[in-house]
């Protein structure tokens, strides 16, 4: 399998940036989950470019649910969502297609597909494909919410500026970030990040950062020791988000110099439940949830499409070349990637939970 | 699937630390790969505890290849390797089984398996299981070597000390680290790391660090955009190595504050091949190899089993408790985890390459 | 996975009879396969109802290829084909939805989906879904044809009438049946079958039969001993075709009373190749092709939707009931199922061959 | 995946007839299932050759459960069962290895594995591998029994003699056949079958037949419409049993000349449950169980190894040749294959049920 992920709840994506449409199929979602079109639209809006810190391309994402939903609820059969493409300016691409954009997939797509790839606008590698994941992920988020599971992601760091961490009791923070177009908990940090993004844009450059995701409400005992650790299963999918180059659970790289006596999370009883005093392990021990919030961070590299002139090659001619990118590009995608992380996380968790507790569990009262 | 990973070449592991045996099945390896028993033994030796910085438990790993090898070569049918357990001291475990070791899987195993788990010595969660991966991985390493693909891993950081990076032409470094019991390129760094490990041991504590792996010789065009990015496929497996809590490709978290103009790797022709001037992306663009060395780093948390007294719970009684661990434990596992990373990487790459080029490719001249 | 089949080339289907659209995604098809829209249209026509022996519902199947094809060739990324529904008369279904049609999936769908299923016109269980398989299968048939592999299916038996078998040199027979709307080699048998279908229709009843498929040009050495025998892999998919209740390779049930000395196919050299004198094993030994034509037969039960009054239950009320079906129904589907068998066989063989020889093999000259 | 089948409960097999050992790994079995060694032994005895109608090779099958079982119950982690080989006479095989036994996998193994295959005694293709499936299947049968699900298989036809069908209330028949070494319901039919097997043996020939399996106690609503129909999922695995060349559910080929009004199974309420008056569909509609017994038949071809002289080829030399087989061979395997069918069916059903109702369901009271 290549473009399909998951087993009990499987996601298949399709589409190219400048083809007819992009979309996805979700197979195995429990029957009876409400499909809230306003919520889907709200989620798509969070992904949509907006303002000075995004591309000028206006995407309306007029999605169609062509199967798997009947009378406002999931049927249990495959949900196919199609988002037609429009506003595509394709003519410019042919001339420069062999000039590999550094950091982008032009050359590797060519190496893999031997020139048959649809190269226009990044083709199948375009971030546009994530719109389908967001639309489908909205259904997964609704399903999880029905079981008391909430997902929140904020921009923990961007362009050298750090946000504050989630509060010890994260419910309010999660509710807040879920609706923010620019999901930063600390307003001053948010302002400083925006400033730096705008400065990079002005400079024809781009910035990256770190997303931090928290998941609350997962029961203990979910995940596997080998090889389907919850870490591995989530990371596998998350590395599919364009620009994600690192995934860590809990503190990992950030606490790696500390000894075991610091890194270990002491267990303690609280309100009759097993909890931990700290959460350096991100809520997962031995690949399995321990009942604490699951916490992970994603390294989102700077958008590779920048306006500054770059050294590259023409891979048709096998010659060095100079590249000057035109068109519409984001100086940062991290704020748009945020809702993609939430959506994909929700889809993967639906898969893991349906595998653990059965195909109907997500819809049970 | 839980304990099986891979599709064209699939690995299934089994076993508990204090059961009859541990082992693995490798299914789909090309027929005709030489099986070098001396090499397998040498690899197992690299994983075996040795000296002051390891556990006192002596493991002889008298592995048996019970299927899939005939007249010294792989047959193409499943290779099953069984490593019987011995030297197990099981009697002590029952008394303290409900005292969850912080950072370990005792509680999560209980939450998942409802008390039926073999809790002795970590059971199925024990690092001992990785001996099978090392034995099987040796066959995969041999297969890749036949195609000019080499894997090397060093301890990039341990207990706050950093090793030097791989040289720009890494062939000599790779050859060197492949045989080192304590794989550090810089001798002074190695000495300093050992010192800190011994100090932690003396203190009843443990240390962690960062492993860095390099893979050379992979052709361009291997991997998928969604969801089987080479990053995702490798990370999924690598998170199965006990104590791995983070995986990054190229510089990721370490370069996340830099702009796109720095992060992007400029392409350039060299000796008629497309290469990049830097390798911040770890040899992968859009999930697909670009022909540069694949580079990744693993955050290996400190061994959770420490001798210092720890706060915990008794999950049978639902009470807070104090834990004082006895027995034989490693103050660091990173130097032993190194050959596991190599082995698992080799197995995953065999899977990816057999999927890309066919089941016989690895054995073709 | 539920609605996805295959690994190297995977097919995902979606859609309901009276929903927005039906369709499929083919993932992993080699880049560079020509996509011949006239051929797709011709294949869809073979599946379309026609004449007195089919339903009166006219389906135009205005399919759209929304991804994975660029400049007339496959790109190597997922091919999504969407076929919008039209001509649906949905209003009648609600009243009788709880009256389980005998032999149909109304009750089992209810047992599985708890009433959330789209029950209109068979919903996701409708034979209409196979239109997507035919459209997508046309691409697979083209790919196989490029490698010298041809698939032909005829109605070996229908309503008690037998067709003659494929000729020993089947090339002409295959070419002939591939274009026949009613694929019977013997004209007299064809006429007799049509007569019986019309008689059944007049009687408000339906008929079934046996399809026989032949595949020529497959190299020896394709398939696996356990569990991915070529028989098992094909049968798994073929049982998905509505009304297929039996699959046999070679003579199987038909020759089961004969001794081994008859059943065994003697090997002999012919033109420098290993062949067999007979083909009772259907071209497969030990799950693996032997280079002879692959031959299998499908038992296609009579269409369950008949006009005769039937005893059944109302599963909402838990009461016995009488059922009188109205609407448009086929007295036989075997002639329409034929091209579905070809198409699905082609898709499965593309998967098996891409797994065996690599992702690009199907497109190689 | 090749030698692994299943998703929620996955089976991986390994081994060669004359290698060190054969065996299997079962991954995903619910924790807490009792492992009854007497029952495993009894099941292995049913597969073991016995008397005049079997090979003279005595197999003791001294199986070892090397993992996944603790204190007499499954742990939830992979169960690995190893059965060492003994009593192997390997020396004779090299001389005749290139003489392809008709109906056997010698030539196809060579085509697939290029001569690296372990050709001794059928290697990985040997029926001996099924001993592992029987040992592991015993655990699955126990798990199903705990949920009220029973499996019984009889020899419905052998060498031209038919057994009587299962009684309408099959419980007593199932209990009876489960313990019979030669599972035939009608004593006279059994005697006649044995006679014909002995006659074939005397003639240096072999016979085949039809196995019929019934499964009672499955809830309605299990299975999928596409592509994981219960028929397809079972058939995929069952075609892996050596000599199985056909699989049909319900009456299929046997009732194919009848019209829909006969083939359809009328629904009716009985004791508050939905049942059917007949069971021509084998308990499955639209790929999903309807609550009636699941019924299927397997065409088991005659054992290919016969003593009569046969025409064949020497595939090393590419020449026609004569083959005279010596050694120990069964004139019939159908009575031994019977318990393999039960065992594999049980393993597949555990997979399907764990996927439907969750990983713990099989062990729940």
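Every chain is named by a letter (A, B, C and D) in the order it is written, and numbering of its residues begins at 1.
Just so it is clear, a contact is a pair of C-beta atoms (placed from the backbone, for glycine too) under 8 Å apart; a residue touches a chain by one contact, two chains touch by 3 or more.
None of these values were measured; they are calculated from a predicted model.
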Of all other chains, the one whose Cα centre sits farthest from subunit B: C
Which of B-D and A-D has more C-beta pairs touching across its chains: B-D
Copies subunit B and subunit C touch via same or different residues, half shared test: same
Centre-to-centre distance between subunit D and subunit C (centres being mean Cα positions), rounded to whole Å: 27
Inter-centroid spacing, subunit D versus subunit A (mean Cα positions, whole Å): 45
Interchain centroid distance [CA atoms averaged], subunit B/subunit D, Å: 38
Overlap residues in subunit A, where contacts from two or more other chains coincide: 1-4, 7, 13, 77, 112, 124, 225
Subunit D - residues contacting subunit C, complex: 1-5, 7, 11, 13, 100, 102-105, 107-109, 111-112, 124-125, 129, 157, 159-160, 200, 203, 205-210, 219-229, 231-233, 235-240, 242, 244-253, 255-261, 263-269, 272, 274, 276-277, 280-282, 284-291, 297, 299-306, 308, 310-313, 315, 318-320
Subunit D residues touching subunit B - in the complex, by the definition given at the top: 1-4, 7, 10, 12-16, 19-23, 25, 27-28, 31-32, 64-68, 70, 73-80, 82, 84, 112-114, 116-118, 123-124, 360
Residue ranges of subunit D touching subunit A (in the complex, touch as defined): 7-8, 77, 225, 355-359, 361
